[in-house]
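Multiple structures follow.
Here chain A shows up in two complexes: once beside chain B, once beside chain C.
So, the complex of A and B:
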């Protein structure tokens, strides 16, 4: 069912671009305020063991994706249950991310246009990307990765005169509880979503150096996250956390001789591209996981129905910002369950059951 | 009007997808497609008719906060 080959470089790029999808316009700073950069660093360090665990799963079960792994580890019934939960999780992530993009447009750029318009058009483009396949997406990733790596240094350079070191002081002023909360958000939501990389394992050319590649992708993604949070805090200072999109607000301040102004459109473009990449990957994960769960020969018939369901879900989930804030913690716990708790548990069970049984495994693959 | 548009879109999707599946005699895929398609149509129709569809995250919130008492 899965066709297409992803090279090692493309794999790194996929992870980086996926992380960058969460970076450009979103704010993770409502809880930790000007200590966000510390929370990002702490989240990165805490997430390294989890990535090692993903990579170890991928190495142990080379050629299987997350759904097949959970079936191999837990047996057909429990494995299917876990797979179904993962499909649900990817569907929720897809709906939330599509909604995020719609909100971004309606709040920041075109407040008069109805929200469903953006969501439907965006989902249709993602559906097409999933239809033409993962290989094309992986090749696109190499180009998309460059966009934030150009935009972030460029805007930071132009904003250099507006930055002040004192915005970071006093360091560690956030209460410990809030710091832990913020670190948890960063570990589980932008970083933890990289669990989706386990869905591509069968498409990889080789899983030999997957540990190094996954860590490299995580590292590049975190650099972007860190750069954006440092830039925003340095420019906006304490006002950072009152904006719905601090990046946009920071970049709006660029004014070089009344010529280079309104550069926030760069953030808008970059965010659209990266969200397209991220949503397409999540879309692919939902469709592929359901197709594998139902033992279909091809995943293409599921693309349109899943897209339609995701559009509706994105409209009914978090109908308002208030509701979104209220369910934020619930989503955080759910994301931690899927990205931080299940994979280590799966790995532990696989170790205890001595899976994969080398003898059976080689018979199966023959 | 809205319902008419919705029917138009869904008919289009069905006409695009179903004949190809029948031609290749992918029956399993056809069943999967039809059930998800019906689910999507029901959800969309309810939403257009302004029926209040429960937010799935609210259910998760209930489990996380009221049953498991996990909260910051």
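So, the complex of A and C:
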């Protein structure tokens, strides 16, 4: 059913590009303000063991994806329950991200265009990407990863004269409670969403070096996250946390001799590319997981209905950006459950039940 | 099905071609009122804003042809609109000319003096929230009414706003004042203690002609205008912040028989705070390089007097910085951002200073360490005078 082969490099690129999807225009400066770079570092360090846990699951159950794993670990009923919840989680993530992109356009660039227009056009492209398959997406990953690695250094260079190191002082001024909150957001939302990597395990060429590759992808993604938060803080100073998109605001300040101005469009284009990649992967996760639950031979019949559900969900889930912000903490808890709590619990149960049973498993995979 | 496929693709391509190109919110040049500058004054009542909105007339703004552009009339129109909010007042333009105001090119925002003393914060939100306005728009404070400034026509430029932008950017290069954008202004406003500043613009009368003259800096406390720095005090501030790029230092010649002018070629500064026995001490280190560009006396500039010349220049800088500080202490407005510097370096002690920073600020001890290095002396090496 899953017919695709992803090389090791492509796997790293998928994780990096997926993380970069959250980076270019969105920002996590609101709670930790100028200490965000510290929160990113702390989040990265805290997330390493979680990644190790994902990799360990992938190694233990080589050839199985998250849905099959949970069924193998918890048995058919409980396993299906967890699988269904994960399908729901991926659907929510898809809807949230599609909505984010739509709002990004309506807030920053085209306030008069109706939101559904962006969402439908965007979702249609993602649907096509899912239709042609994960293998194509994986090949595209290499190209997509390059985009932020060009845009971020380029904009930082042009903004160099506007940066001031004193914006980072005094270090660690955020109250501990808020710092923990900020770190939690970084860990559970941009980094924790890499739980989706467990959906691709059967498509991988080999899972031998998956630990190293997953960490490498995480590392590259975090570097971008760090670079963006450092740039924004250094450039924007006191105002960094009032903007809906600090990155865009920072880049708007670029003014090189009255010629090179309004480069926010550059960020807009890059962000659209990266969100396309991220949303396509999430879309793929939703349809694949549901196809497996429903024991379908292929996931293609699900693409259209899931797309319609995701579009509708994204439109109705929040009435306004204010509501979105207010429900942020609820989503944080939900994301923590799926990305930080379930996987270690699954691994623990697998260890206790001594799974996978080697004999049983080799029969299955043949 | 196989045969239908190419047909289907062609149909889809046509449908997309017909529906997707073009922009949803496309705006033709003729339907827009392009706003280049906005002047904000106090209206009839306290809550009311009186805006002067400079709108370009695209047909008149073209480069005049050989028969001369004078007869063609003004290339701009200043609309005056009143309203409780910025957006409300700006929308009034549509009532007057039926076009939608387009703000992406509003590069200058001028606060009238009366309005600025009542507080400018309520108007900033509009400029930051609106996706059309640019965070790099310049902020100015008029010594009188902002609307009058936008009315002053210039010989050199077609639009008054273009003229103002040129003056600001040009004079900032010789360190007369600092270019302040909306972003800079907001950043200072959001700091706990730093007082926002903005260039001060006045109208000078020269016979029948009015001219724009930009000089000095307006000083705000929180968001209310409280005073102004003159040219000398302004440069005192710029020495400290490291914004002096070019400019002249004038001193008396070594034997006090005339003047010597120096051109600043390079200057940098370093500000270090210190807290000793509860007193705030600020160390300001300025390192400047200058070139001799003119002298009116016949004094010989030779090696033994270099140290004297350098010391006299340093004294000028010292006086300017002290003048700026004394003025800001008098206004008790922290234009230097010393509060921020102390907070960033001594976050623990800051707690006790924060509440009464206004009282602490005028009593700060400034320790100045200024060093001027003289580099070149131009094309002549000997005084221009008959041989003795």
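Here is the rule we use: the second predicted complex is superposed on the first by the 366 of 366 C-alpha atoms of A that agree within 3 Å, B and C clash if a C-alpha of one lies under 4 Å from a C-alpha of the other, contacts with A are read in each partner's own complex, and residues count from 1 in each chain.
To be clear about the criterion, contacts are C-beta pairs under 8 Å (C-beta built on N, C-alpha and C of every residue); 3 or more make two chains touch, one makes a residue touch a chain.
Predicted, not measured: the structure shown is a model, and the values here were computed from it.
Chemist: Can you tell me whether chain B or chain C touches more residues on chain A?
Modeler: More residues of chain A are touched by B.
Chemist: For A:322, decide between first (touching chain B), second (touching chain C), both and neither.
Modeler: Touch status of A:322: no partner.
Chemist: Per the contact definition in the header, classify A:117: touching chain B only (first), chain C only (second), both, or neither.
Modeler: second
Chemist: Of the two partner chains, chain B (first) and chain C (second), which one does A:108 touch, if any: first, second, both, or neither?
Modeler: So A:108 only meets chain C here.
Chemist: Which partner chains sit in contact with A:169 here, chain B, chain C, both or neither? Use first/second/both/neither.
Modeler: second
Chemist: Which of the two partners, first being chain B and second being chain C, lies in contact with A:259: first, second, both, or neither?
Modeler: neither
Chemist: Considering each complex separately, which residues of chain A are in contact with chain B in the first and with chain C in the second?
Modeler: none
Chemist: Which residues of chain B touch chain A in their complex?
Modeler: Those residues of chain B that touch chain A are 13, 16-17, 21, 26, 28-30, 32-33, 36-37, 39-41, 43-44, 47, 53-58, 60-61, 63-65, 68, 70-72.
Chemist: Residues of chain C touching chain A in their complex?
Modeler: Per the stated touch rule, the residues are 23-25, 128, 131, 134-136, 181, 183, 186-187, 190-191, 340-341, 343-345, 347.
Chemist: Show which residues of chain A lie in contact with chain B when the two form their complex.
Modeler: 92, 177, 181, 184, 290-291, 294-298, 301-302, 304-306, 308-309, 311-313, 315-319, 323, 326-327, 329-331, 333-334
Chemist: In their complex, what parts of chain A are in touch with chain C?
Modeler: 107-113, 117, 166, 169-170, 173, 236-239, 242, 249, 252-253, 255, 261-262
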